[in-house]
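Shared chain: chain A. Partners: chain B in the first complex, chain C in the second.
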Partner chain A sequence: MGGVVNAVFAPGFFHSDPVRTALIAGAIVALVSGAVGVITVLRGQSFAGHALSALGTLGGSAAFLVGVSPLWGFLTSGVVVAGAMEAVGTQRRRGRDVATGLVLSTALGLSALLLYFDTIANSTTGVTITILFGSLFAISGITVPAMILLSLVCLAVLALLYRPLLLSSVSAELAAARGIPVRALGLAFLLLMALSAALSSVAVGTILSTALLIGPAATALRLTRRPAMAMAVAGAIGVISTWAGIVLAYDSYHWAPAGKGWPVSFFVVAVIFTLYLVADLGTRLQAARARDRRTGSPAAAQPLATVRSS
Partner chain B sequence: MSGDETTLRGDVLALEGVSVWLGGRQILDEVSFTLAPGDFAGLIGSNGAGKTTILRIIMGLQEPAEGKVLVDGRRLGRRNRSVGYVPQKVLIDPDAPLRARDLVALGLDGERVGPRIPSRRRRQLVDEMLEAVDAARFADARVGNLSGGEQQRVLIAHALISRPRLLLMDEPLANLDIRSGQEIVDLLARIACEQHIAVLLSAHDMNPLLPVMDRVVYVAGGRVAAGTTNEVVRTEVLSKLYGHPVNVLRVDGRVLVVSGSDVSLEAVPRQPQPGRPAAEATGRRGGGDV
Partner chain C sequence: MFADYMVNAWDVATIVAIVAPVVGFFVVLRGSAFVAHAVPEAAFAGAAGASLIGLNTVVGLGVFSLGASLSIGLLGRRGRHDVVTALALVLMLGMGSLFLSWSTEYAPEIYSLLFGEVLGVSSNEIGITALLGALCLAAVAALYRPLLLTSVVPEIAAARGIRNHRIDMAFLAIVALATTTAVPVVGALLMFSLMIGPPAAARCITDEPLRTMALSVGIALATVWASIAAAYQTDWPIGFFVTAFAFVGYALAHVLRWAREGYARIRARKPLPGGSAA
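Here is the complex of A and B:
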């Protein structure tokens, strides 16, 4: 028994401060991303979510230059970008896509410059990797209380706006007919996405934070039909994925090539994707079996027409 | 256009001299009509005639430049629970985790903030409503997976669960095959009668509604002629409304409105003709059929 535990959790796992911080921060971030992610997918705003986190790169790299935690940089740029998105266009879908694409690439260009300055200042490329791909082990213990506070704010607002958000995701017209201020609600949700993107960017970086937002949510949609349940399931899947990622990353310090450990973000995203594939395959098989039961003839019993080549 | 008449008849809906301009163009010109409880009315007109604007005015989503709208004898407030609304189509992902019963429950209190406290009474209300629109068998299916007709039923249940006095439907037949469309029309006629509410549904073709419709609100060029089908769908009335000669033809129980010279269903021009008064058919309830 002890052998198995030792094989999974490399020695020192439970006594390491960075690991403990990573476990706590990872869980918080995953819960928020899961809940926000389900609504994001329901509202069809995955691209907006991606844009919000990618644009966080600008804020994160600026924060490094000034010398504050990247969390505040992510947050500031997220809020600004959410406001800009709302201002740019709720009217025309086509215009919005073009505008978003243009702003996105310009901001990333600017980020490239800031990251370059960061690299010069620190004479290391670590900053770039941390901003873009994150590092759960590099989170300083000081930012954890702020992360917890922001998560609680995010979840509380989400709980408050749950029903109007759900209704307006079905049909903005329907929501407006019931007196819901659809536009203000849309902006509120963009801000929630910005908040959640900032948190997950600290954990897995600005590029991969979309994976944490959309991945567990997409898996949860396969597993349940209830909206509130989907949010809980997505949160749980996110927590499992980040924790599994942390364990594997810690183990990887004994792996090839350098014995310096593989990036934890890689493992987190890999686990998220694996879980999605498993859930997708599972539901497909289940659906196929249900179909067979209805028709009364299992697929195996029906010989496939074989084509004989001449 | 008379307030005293409104109070006398206890109308669910009264539009009185409503005019709307959008971007310098007049969309509605002195529109007046009323609906009483139990009325099943068609809002008939071609695309661009002003049907959607009339619906938006009634929901309070748009302010008329002139005239007033009374729902249940009162002016519209922001949150109007006396008007239920079913949009033309909802676009929801087939994977979306939202069951038919969730959407119906949102009709009860979807605009409220804060988490919902589940209760047996709520559940029972939702079940009853699903039963009433014959949607109980797909109550637990994902809304996005339902067919157009099934979604329509769920949306009707969503709109009716808050017990409105007036149900508005935007082109409910536009995306349905003939049979599901007929089923929806029958269902609505039954509900209007049983629950004593007024139903106003927009359509560009009045024929599927003829058997059940007891009022028609005919829209052309931003003006309206309202009354029973027999009163309104007549060559003189519609010619006056359109501002040029049209013919109303009755073929095999179907009604065709054709332009004076051109014989085609959709060939009706829709320029507003300012200066000409809208045809006003004031009588009520002749023989409701054609």
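Here is the complex of A and C:
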């Protein structure tokens, strides 16, 4: 038993300060992202979610230029961009996509400029990679209390808006008929997404934080149809994947080819994607089997049935 | 500005500015901006991987962008692929960050892959870019009618016996091809502003498909040429100028449409004889 534990958790795993901070921060971020992500997936706003987190690049690079913690940069730019998207965007689904894309690309262009200034001002070229891909191990202990506070705010607002949000996601017309201000609610939700994107950008970097937002939520919605349940499942999946990613990354210091550790963000994303694929395959096989039972030809589903048990 | 080492940049940028908006017209029409954003970013991982094992970047770009777009098409459900797109995107980017951590590549080169580096284009890359671009345009021309029909009225297309799913897959492959052409020039993060911006602007001005395409190619060419000139003068990254000019173009087109609608409304109120000034 002890050998197995030692093999999984490399010696010194639980005594390292960066690891402890990473475990705590990762869990917080995963819980918030899971809850917000379920609503994002239900509303079909994956692109907006991705745009908001990718746009954190703008804030992150600006914050680096000014010299404040990237968290505040992510947060400010997220809020500004959410407002811009709401202003440019229309209510139609297709128009919304193009509006999101235009705001996204413009802001990315701006961040290209800011990153360029960063590299000139500090003559350190690693900034681009730190901001874009992040690292859980690089979070300083000082930002953790701020992260906890922000995630509590985020969860509280989400709980407050839970019912109207859900109703307007399922049917905007019905919500409007009930007197819910759908447009204001949409903006409030964009702000919530910006908040959670800022949190996860600190953890896994701006362009990978989409993984924490969408992945666990989409997996959970494959497993259960009840939103509250899905939020809990998504949070759990997020925490498990983040922690598994941290353990694997810590172990990878002894792996080929470089012997300097693989990036945490890669492991987190890989675990999330694997879980989604398994859940998706499972539900597809279930649906196929149900169809076969109806038509009375079970043979078709036979060869694949073994895959599902994995 | 037109020195020998800049000629390649002008040539390649021109090819990209012709191919990207033609494909982008259908991207805007089908509302698949997210896919057009995801595929170039996925291709970035391919470029990082190719440089790791010493292959030509274009090979890595092609393999990864094609793989990403086909798996998005296969895993998507009934034409809805936003969740799968997001997941494929982050998986590819994660792999990209893994490859980067293995490689000994200097950070500026990564930066140029993400945000574009026109000056880095060598003469033998022009041939590949031109070939891929021509292939892309030929594919769009061959699939023009079914693509248009499935984008605008998928129900009628289905009733006519066009397989929406197959056209969708073919379209995703075309996006992948266009990505491979353009990413070395404008970068993975910015390629899609050339795909989205000019067609979205052109659609504000005209509705007729072929005219929209021609107009968006014109806007894209103006954008790219102005960007190269500006980047050369200021030494700032070209990606910034491409996105900024694309956005300005879109905003101008909106203003133009707004002005024209206002003019039409005024004219409707007091009927005038004579031809249409629009």
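The working rule: the second predicted complex is superposed on the first by the 275 of 310 C-alpha atoms of A that agree within 3 Å, B and C clash if a C-alpha of one lies under 4 Å from a C-alpha of the other, contacts with A are read in each partner's own complex, and residues count from 1 in each chain.
One rule holds in what follows: contacts are C-beta pairs under 8 Å (C-beta built on N, C-alpha and C of every residue); 3 or more make two chains touch, one makes a residue touch a chain.
In this text the structure is predicted, and so the values were computed from the model without any measurement.
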Check your understanding: Looking at the overlay, what does A:R225 touch: chain B (first), chain C (second), both, or neither?
Key -> first
Point to revise | Of chain C and chain B, partner touching more chain A residues | key: C
Practice item. Report for A:A35: first if it touches chain B alone, second if chain C alone, otherwise both or neither. Key: neither
Practice item. Scan A:L75 for contacts with chain B and chain C and give back first, second, both or neither. Key: neither
Practice item. May I ask you to decide whether A:G44 touches chain B, chain C, both, or neither, giving the answer as first, second, both or neither? Key: both
Check your understanding: Touch check for A:L155: first (chain B), second (chain C), both, or neither?
Key -> neither
Practice item. Could you look at A:A211 and tell me whether it touches chain B, chain C, both or neither (first, second, both, neither)? Key: second
Review point. Which partner does A:A176 reach: the first (chain B), the second (chain C), both, or neither?
Key: first
**Study point:** Partner chain in contact with A:R163 - chain B first, chain C second, else both or neither
**Key:** first
Practice item. Indicate the residue numbers of chain A shared between its chain B interface and its chain C interface, in ascending order. Key: 41, 44
Check your understanding: For chain A, which residues count as touching chain C in their complex?
Key -> 41, 44, 46-47, 49-50, 93-94, 97-98, 100-102, 104-106, 108-110, 112-113, 115-116, 119, 125-126, 128-129, 132-133, 205, 207-208, 210-211, 213-215, 218, 257-258, 260-263, 265-266, 268-270, 272-273, 276, 280
**Study point:** chain A to chain B touching residues, read off their complex
**Key:** 38, 41-42, 44, 159-164, 166-167, 169-171, 173-180, 220-222, 224-227, 229-230
Study note, to complete from the structure: Residue positions on chain B within touch of chain A in the complex are 59, 61, 78-80, 83, 85, 87, 90-93, 95-99, 102-103, 106, 109-116, 140-143, 155, 158
Exercise for review: Note which residues of chain C are touching chain A in the complex, please.
Suggested key: 28, 31-34, 36-37, 41, 75, 80, 82-83, 85-87, 89-91, 93-95, 97-98, 100-102, 106-108, 110-111, 114-116, 187, 189-190, 192-193, 196-197, 200, 236-237, 239-244, 246-247, 250
